[in-house]
Every structure is written in structure tokens, then in C-alpha cells.
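What follows is a pair of complexes built around subunit A, which joins subunit B in one and subunit C in the other.
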Partner chain A sequence: MNRFVLSTGAVITAALVTVLMAGLGRDPKHIDSPLVHQAAPAFALKTVGTGETVDIASFRGKPVVLNFWATWCGPCWEEHPVLNETARAHPEVQFLGVVFQDDEAKIQDFLRKRGSAYPTVIDDRGKTAIAYGVGGVPETFIIDAHGTIVAKHDGPITQEQLQSYLAEVLR
Partner chain B sequence: MIATAALGRLLILGALLVSTAGALLGFASGAKRSDEGLRWSKRLAYAFGALMLLATLVMEHALLTHDFSVSYVAHVGSRSVPVWVTIVSLWSSLEGSILFWGLVLGIYIAAATRFSSRGNEESMPYAIGTWLACGAFFSFLIAGPANPFLTISPAPLDGPGPNPLLQNHVLMVAHPPLLYLGYVGMTIPFGFAVAALLRGKIGPTLIRAMRNSLLLSWIFLSIAIMLGGWWAYEVLGWGGYWAWDPVENASLLPWLTATAALHSAMVMQRRGVLKGWTLTLVQASFLLTVLGTFMTRSGVFNSVHSFTQSAIGPTILVFLAAVLIGSVTLLALRIDTLENDGRIDAPVSREGTFLINNLLLVLFTFTVLVGTVFPLVVEAVNGKQMSVGRPYFDSMVVPLGVALLFLLGIGPALPWGRAAREDIRRALLPPIVGGAALTVLGVVFGARNPWTIVTLFAGGYALQVTIVQLAKLRHSRRSVGAYVIHLGVAIAVVAIAISSTMRVQREVVLQQGQSATIGAYTVTFTGTEERSEPHRTSSIARIGVTKNGRAVTTLEPRMNHYEMMREPIGTPDVHSTIGGDLYISIASLEPNRAGLLLIVTPLVSWIWLAVLMMAAGGVIALVRLPRMTPLPALRREGSGEGLAV
Partner chain C sequence: MIVALVLLLIGAPQGAPQGVPLHGDALARRTQEIASGLRCPVCQGLSIADSPSEMAVNMKTEVHSMLERGYTREQIETYFVHSYGEFVLLQPRSPVIWILPIAALVFGIAIVAIMLRRLAAAPRTKKIDPDVARVRNLVKGTTS
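Let's look at the complex of A and B:
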């Protein structure tokens, strides 16, 4: 029995297996947003269809669900009904869609066909998406009544996830 | 049809049964030295290969006939994708890729059983036992946690098709299978190493079988790594070919240890030393492929390769831990019985440089391994996310790479064994001319980065040594292959140094009709085009390219929107010449305005060609099987592999 080989091998084995075990169950796509617990960046953008300007500051006093999406994004189609239903069920929460790198005609067509329970604004040059550090669509920010971001969700959101976020801001 | 899925499951269960029985029988007949046992283990090895082949054919049949009752087909199949995409869908997603893995393993095991047996009769039972134990593990994965043959009822009418990134470029047809051939192939030398350790000795026929199988995997792995880099360059749009992505690193790690093992095996053969060390490297190469499989398949690392999170992560981790513990225990128990027959008596000698080469390659391996798993350590310790980026890898790896390149020149110039001081000087001085010549040439063409200049010198030195050795040709034919590989390595390292430090990059925003210049090129944005395909829509920018006033080509970089993806994927377009590439990708695109990334990179194509040259050298070394001439000083023990080297 070669003790040197055994002890070196044991150290390497233990270290590697421990590290990899700790890594199991971690979602590498999840990136902590530095914006959580910070004030939501301000913006004023034009609403699709009406052209009215919506200012995020005007929603102060009400929790806001801010959803970045686009018509060319498959997962956004998936979560669209979830957002619509929840928006209808929770009039006390302001939902707002921000469309990212898209064209107005396509958005209008999409909303006509799939329904819309809340306003959607166009992020013209992507400035708002940059301010919110959006890495891809869909991404959803949950903002409390004081205008502070409490959570960020990457990817399509499910009914259960959205409910648990809302429970947090409606408490 | 439900029968298809059931047939597939039956074949995999058969493979599980056959491999488990064969593994047990192999080890038992090795211990009892039973010829009858060996005959039956061989039959079971062939049966395992045949069952895996049949199971894969059943899956391909289901894919091609769009049999959506089979879970994997429902998951990756689609009626709207071309036939070639349907065929390669086999390895486009987790379950199918593990089945494909099983197929490659089955073929390897059958071939190794058939072609390596002669002269290795006493080691074969253990080797077959080891291979089939791995076969049993993969059959278990396919039969259980990653089963592609589940039945879906009622069957859907159509499926989503495979991951769009895989449909983006034809290189994706070649990269995964070659990588699997490289990865899975490491199982074969591992089996021989386990056999050598269990028997406590290793003779020339076993060394040869181990080296050849290692070399074969090394060739496939080299091409696969290159194709992966090339694909990243052609498809991903950031203009580079290597990002130190965890999964790229995963493919590099076993390549590094296999390269080290190929060299130390030569010292083992020639001087009768480094036996335990060579076997350790062979085991490490296999273990690192298992680690690589874990990295790609567990969803723990973020990369272009990450498959969805799945239940097979823990299963592969258990396998990795078991193989690690088994290997370490076996090494600790047996390494001292592999007594050295010779010794290295001169530090400044061919074998001396082999030792340094091994040391550097192992250091290289550790550097990359640590950089790859470090983010996991940090997150486990304090919950903070971090990533280890290019600066770490570059600052660690560049000096190691340059040192290895120097050795590649010095080593072959030195004779084996002790040499007179005068001979050493005569061997080492002349190539300085080659080093100086390439350095001057590089500086004339604008090389200023100190590391690039050092690389040019080391590269020129190595090239002169290699070419002189090739011209002599008094060596065994295997040496020809080895020197062709060295030539490829020297060219590749120089091309990597030049292309990564001398590229020119410019970001421009052009209105329709406007031009910009980069290097000798003038690019003109002539307009956009929208193209719809069933699985994606593309916005294309048309760019006219002229060089010194002459029209050269029209490039069409594009942004692709896939239904399945959260963000658009840009596909660059490249104008390649032997001197360098013009590379254009889109940053933003509006009907009459394009934001473009323009890159001119010298010598990129040389990297691809140099790696192909390395592979060709490997094939020469492999195909022209050398006659092993045992050195007269060595003693024989019985027949065949009893010859202790």
C-alpha cells in the first residue's frame, strides 16, 4: 500500500466530489440582479396602440409587475395567459408590459389575438431594458408600492411563482 | 407504435444484463485465469456492442418515421425539419446523447476485444471486465434516469424539433460524434490500465494496446475540440474561438492528460520507468471524461452546452466518485509492484524533457480544472456568484503553453540518455536561427506583444528542430507521425498567439450605402432582407466587401429569432483567406441602419489546418504500426506480454 498515492488521491477525490455535490441543484442560468432592494429605474414610454405616455412613477402607491417581453420570443407566448389572468384577478396590482426589440404592428396583432388585460409600452431603443439589466426576454420585475424592486424572475413565469411574488408585495 | 418504445427498452435491458454479467465474468476469469471465462466475456462484449447498435437503430427508425409515441422523438422530433437534422437529433438532447454514448462505447468495446486480444490474453479478462462495467453503468442510465424509450400515449401529432443552436451550422453534425469518439474512447486505455494494475505488471504488447487506443481517442478529441472552437467562431458572433467555457475546458482536460500519458508511455517503453505514473495519467484521462460528462449533463455549469437540469447529474457523480475511489485504491495497492527496470540518468536528455513536459501538462490540467470549478467553491462557501474569466486563464496558461512549445523544440533535439556537453551544444544551438527568423518575420508584420514575440521565437525554434528531424527520417515510422503532430502543434500555438494578440476590431453604425474601413478592407452596408423559415426568422444585413478597391465578396451576417429561444442569436459571416479573416457580426439592425462588429484576425484558418495536421500525424503513428524492438538489456518472462519493459 503506497500511502502517498492513497492520501493524495483521497484528498483530490474528497475535494472534487464535495465541490461537485455542492454544485448540484444550482441553477447556473440564474444571475442575482444588483437591482433587487433598489429603487426601480424611472422611465416614461409610449403605450402600444394609444401612444399615451406611461410614467412608472405614476404607479407609486401600488405594487407593479413589470414584464419585459417580445413577440418573437416563444416562452413569452407561454407566460402571456398567466400574466393576463393574474392581472384580471388582482386589480390592486399594476401590470405593465415592456416590449423589447420589436415592431409595433406585430405587437398590436399579438395583443389583439391573445388579449391584453394591462397596458403595454414600447422600449424604443432598448434603454429601459438596459437600465433594468435585462439579459433576455421574458424577464419580470416585482416592484412594491414604494417603488422598490423586490424580486426579479428570469424566463417564463408560472401561476404559482407569480402568486408567491405577489404575496410578498401585498403583505 | 407502442411496440417501438418497448423494443428499445427491451434491447437496453438486454445490454444492461449482458454488460453486468460480462463485467463480473471478466474479473472472475481474470482472477482464476480461466480461458473458458475469457471466451465467454468476449462473447458478452460483442453482444453488448450488438445490442447497443440495435437500440440506436430502433431510435433512428423512430426518429425518421416520426413515431411520436416514443418519448425522445416527441421531445426532439419535428415534421418540419430537414432529414439531416432528424438523423442528428439522436445527439441533440440529453437522453438521445446518452444512448449515442452507449453505441460508441459498444463499438469501441467490441473493436478493442477483437483487435487487442493477441498477446494480451492474461490482461484481457480484466480489461473487458472494466469496459463492460462502464457499459453496465451507461446501460443503467439509459434504462433508468435518462430513458429515451418511454411510451407517450396518446402520441402527439408533431414535436418541437431539436435545439435551434444545433440547426444553425453544419459543423454541429461532426462536432458531437467526434467528441464522443474521443471521450468514450478513453474507456479503452483505462481498461488496459486497470488490467495492468490488477496484474501488477505491464508488458510491451499491453503498453502498445494502451498507447494505440489512447492515441486514437486523442486524435478524435483533438479534431473535436478544434471543430467546437471553429463552430463557436462561425456561429456565436463574438469573433473568438475559445472562451474558457466550463465545457470547453472539460474537453481540454482529458486531452492534456492524454498528451502527457502518450509522452510518458514512450519513456516507459524506452527506459522502463514511469510505469505507475503513466497508468495514473491514463486513469486521470478517463476520469476527466467522466467529469466532463457530469459538467455537460448535470446542468451545474452554465455554457452553450448546458442541457436541461436533470436527474442524471447525481447518478453520474456517484459513478465518478466510485471510479475515483476505485482508481486511487488500486493505484495505492499496486503501484509499488510495478517495479522500475531502469532509471533516468541524465537530466539534460530526451527523457529529461519528457519529465518536464509531463510536469507542465499536469500543471496545465490543474490550472484549468481549478479555474473551472472555482466558481462552484466560492458559491458553496459564501453564496456569492462569480466567474473565473479570461484574465485568469490567459495569465496562467500562456506561460505554460510557451514553455511547452520550447520543450517541443528542445526535447527532440536532445538524444536519449547521457550525452556529452559538446553534443548537447551542437544539438541546441542551430535551431536558434529558426527562432530568430520567425521572430523577425513576425515583428516585420507588426507583432509587438512580448508573449507573442516569445512564442514566435519558441515556435521557430521548434519548427526548425521538427523539420530537421523529419528530413533525417532515420527514425522509426512512428516518429514520422509524432513529428507531424509536433509540426501541427507548433503551427497551431503560433497561430493562436498571433490571432489572439494581433486582431483588429471596430464597431460601426452604418446608414444604408455608407462604408467603413478596417485593415485593407472597405465594407459597405447595402441593405437588409427578412427571411422566414419554418423554425426561425432571420434579419440579414448585406455587406459588400472590397479590398484595395477590388470587390471581394458579399457577406450576410444575420440575426436569427428562434421560437424556442429567449434572445435572438446572431450569426456572423466570415471571409476567410490564408492570411487572415474578415469577420462581421450584427450588433443591431434596423431597415436602413446597421450596427456592425468588424474584426480582422490574422492566421485563424491556420489553427484549424494545424489541428488537422496533428490528427493526420496521429493517424500516421497509429496506422503504420511499428515493430517493437525490445532493447537487448531487458529480460523476458515467459511469452508474449510477460516481457517486462
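Let's look at the complex of A and C:
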């Protein structure tokens, strides 16, 4: 009987400790995206500077790196050169920046000073950010040539991480 | 234009509106009610109705706009769950969340009950010191 009670207690304790340990190792701000392996939500937004409308559907047939960012976000400054460099090195991949909760003049100033190798659109009311389940910036979505989201990256992306995502969609 | 709109509605996770478009006070009340059940993704346990963050304001505006177009509460929640997952609901839809703690409690009570029953049923054998037993036997021998 004692053995039964002890083993039951041990199983329950082990399960509890495992769940708690797994929780401790997680980033509390990270939200698992239910959109991974789903079709990328449709949107058509205006390009910063030119005002031209960019429709995500027009990129079908090409992998897309969709980066949500803002000028007030420090980590976005950090990853900006990485995205620019990779966009120049991979013309077969469409890079697209989506800025939200920001001011167009500030975005233009940022892009003028730091350069831009790809178009940036403005998400005025954050509707597209909501459709993509964005919880903060930066967040990057990797979309394959069929328009399916294959990965979501939270926080500033490094060259190595981006290369590994691209290897997945360029296979 | 109409074809594009129809395609957009069909493609949208919430589908075409299934309710009655709301206006005025009813719209404001319903927006507040639904927003109170949706979690602000950039806050610590706050609903989008309670958070002043821009993200929460944008989400609340979206709820307002969807109600205005005739979407039901279920459709609106489905739309947000499609983007953010069940995490966005302050009261999860899955009954497992509510059933699991009750099941764990019942399981715990059952174990304690079984333990107590077995303890009560066990024969009460007391280990007696051999010297004490010898003395008792000797005393018994002299008295009988």
C-alpha cells in the first residue's frame, strides 16, 4: 500500500516539476502562432514614401520574409542591417517591412538614414498586425512560395537564423 | 470590387457576418462586453477593454468594426483565436481547462480515501519487546 502511495506521489510530483521546469525555460512574451502551416492572411497596404499599394497576393510564387517593425523599437534597429543585407543577397526572396503604431515621417527618416533594400508598408490601424497575431515588434514571418507561413520569429533576427529559415523555403 | 470583397469574406477565418449589424449604445455595450473577454497580447493579464496600450486600442477598434458589420461574438472570437490562439481568450473555450483541476481533486480525494480505508482495515498488531513478553508469560504462569 505504502509503495502504491509513494509511486503515485512520485509520478504526480515528477509531472508537476516537469511542467514547471518547461514553463521556467520559456520566454513569457512568446506566443505560439497558430498561423504557422496556415495560409498567410491577405492584405493590401500603402508603401511608405510612394503611397503605392502592395498586395501580399502579388508575391505568390516567391518566398516572402514579412517583417513587422517600428522606428521606436530598439531591437528593430539592431536587425535592420541583417534584413537589408540578406534581401540584397537573395533577390529570389521578397522582403517586405510592415510598420505599425508609428508615424510616416519618422519611418521615412529612418529608411533614408539607414537604407532599405525592400519595400516598407504602413499598417495604419494595426489591422494587418492583428490578422498576423503580432504581439510586439519585431516579429518576422517566413512565407513559402505557395503563400503558407512556415515560421514565425519573435524578436530581432540574426543572420544565421534568417539563413536557416530561408534554407527551409528555398529547398 | 464586389467579387474581391466576397473572396475576402470567404477567405476570412470568421466567414461572412452571421449576426445583425449593431449601432449606437448597443454597439458600444457589446464592444465593451466582448473586449473584456479578450486578452491584450502586450500586457500582463489585462483585457483589451482595460488596457490603454495602442495594440489593445487597435484590437478594440477591430471588435467595434466587426460588430458594426454584423459579426457575432463567436465569429469575432474565432477571428482573434485564428491569429493569436486560445491564449487571447481570458476564459478559454476548452472544457479541459475547467475539468482538469476538478478531476485532479477527485483523484486526490480517492487516493486519500483508499489509504484511510486500508489503514482502518489493517490488523492492529503491536510489536512487543521479547523481554516484556517473557515477563508477561511468567506473570501469567504464576497467576494461573
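Following the convention adopted for this analysis, the second predicted complex is superposed on the first by the 141 of 171 C-alpha atoms of A that agree within 3 Å, B and C clash if a C-alpha of one lies under 4 Å from a C-alpha of the other, contacts with A are read in each partner's own complex, and residues count from 1 in each chain.
In this section, a residue touches a chain if its C-beta (ideal position, glycine included) is under 8 Å from a C-beta of that chain, and two chains touch if they have at least 3 such contacts.
It should be emphasised that the depicted structure is a prediction, and the values quoted were computed from it without experimental measurement.
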item	value
First, second, both or neither for A:Q101, with subunit B first and subunit C second	both
Partner chain in contact with A:V5 - subunit B first, subunit C second, else both or neither	both
Per-residue contact with subunit A, leading partner among subunit C and subunit B	B
Subunit B versus subunit C as contact partner of A:V19, first or second or both or neither	first
Partner chain in contact with A:C73 - subunit B first, subunit C second, else both or neither	first
Touched partner set for A:E160, first subunit B, second subunit C, both or neither	neither
Which of subunit B and subunit C A:G136 touches, first, second, both or neither	both
On subunit A, positions contacted by subunit B and by subunit C	1, 5, 31-32, 101, 135-136
Touch list for subunit C against partner subunit A, complex	8, 11, 41-42, 54-55, 58-59, 61-62, 80-85, 87, 111, 115, 118
Of all residues in subunit A, those that touch subunit C in their complex	1, 5, 8, 31-35, 39, 41-42, 101, 125-127, 129-136
Residues on subunit B engaged by subunit A in the complex (per definition of touch)	276, 291, 294, 298-303, 306, 309, 313-314, 317, 320-321, 324-325, 327-329, 331-333, 335-336, 373, 376-377, 379-380, 385, 537, 561-568
Subunit B partner contacts - residues on subunit A that touch it in the complex	1-3, 5-6, 9-10, 12-13, 16-17, 19-24, 26-29, 31-32, 72-75, 101, 135-138, 155
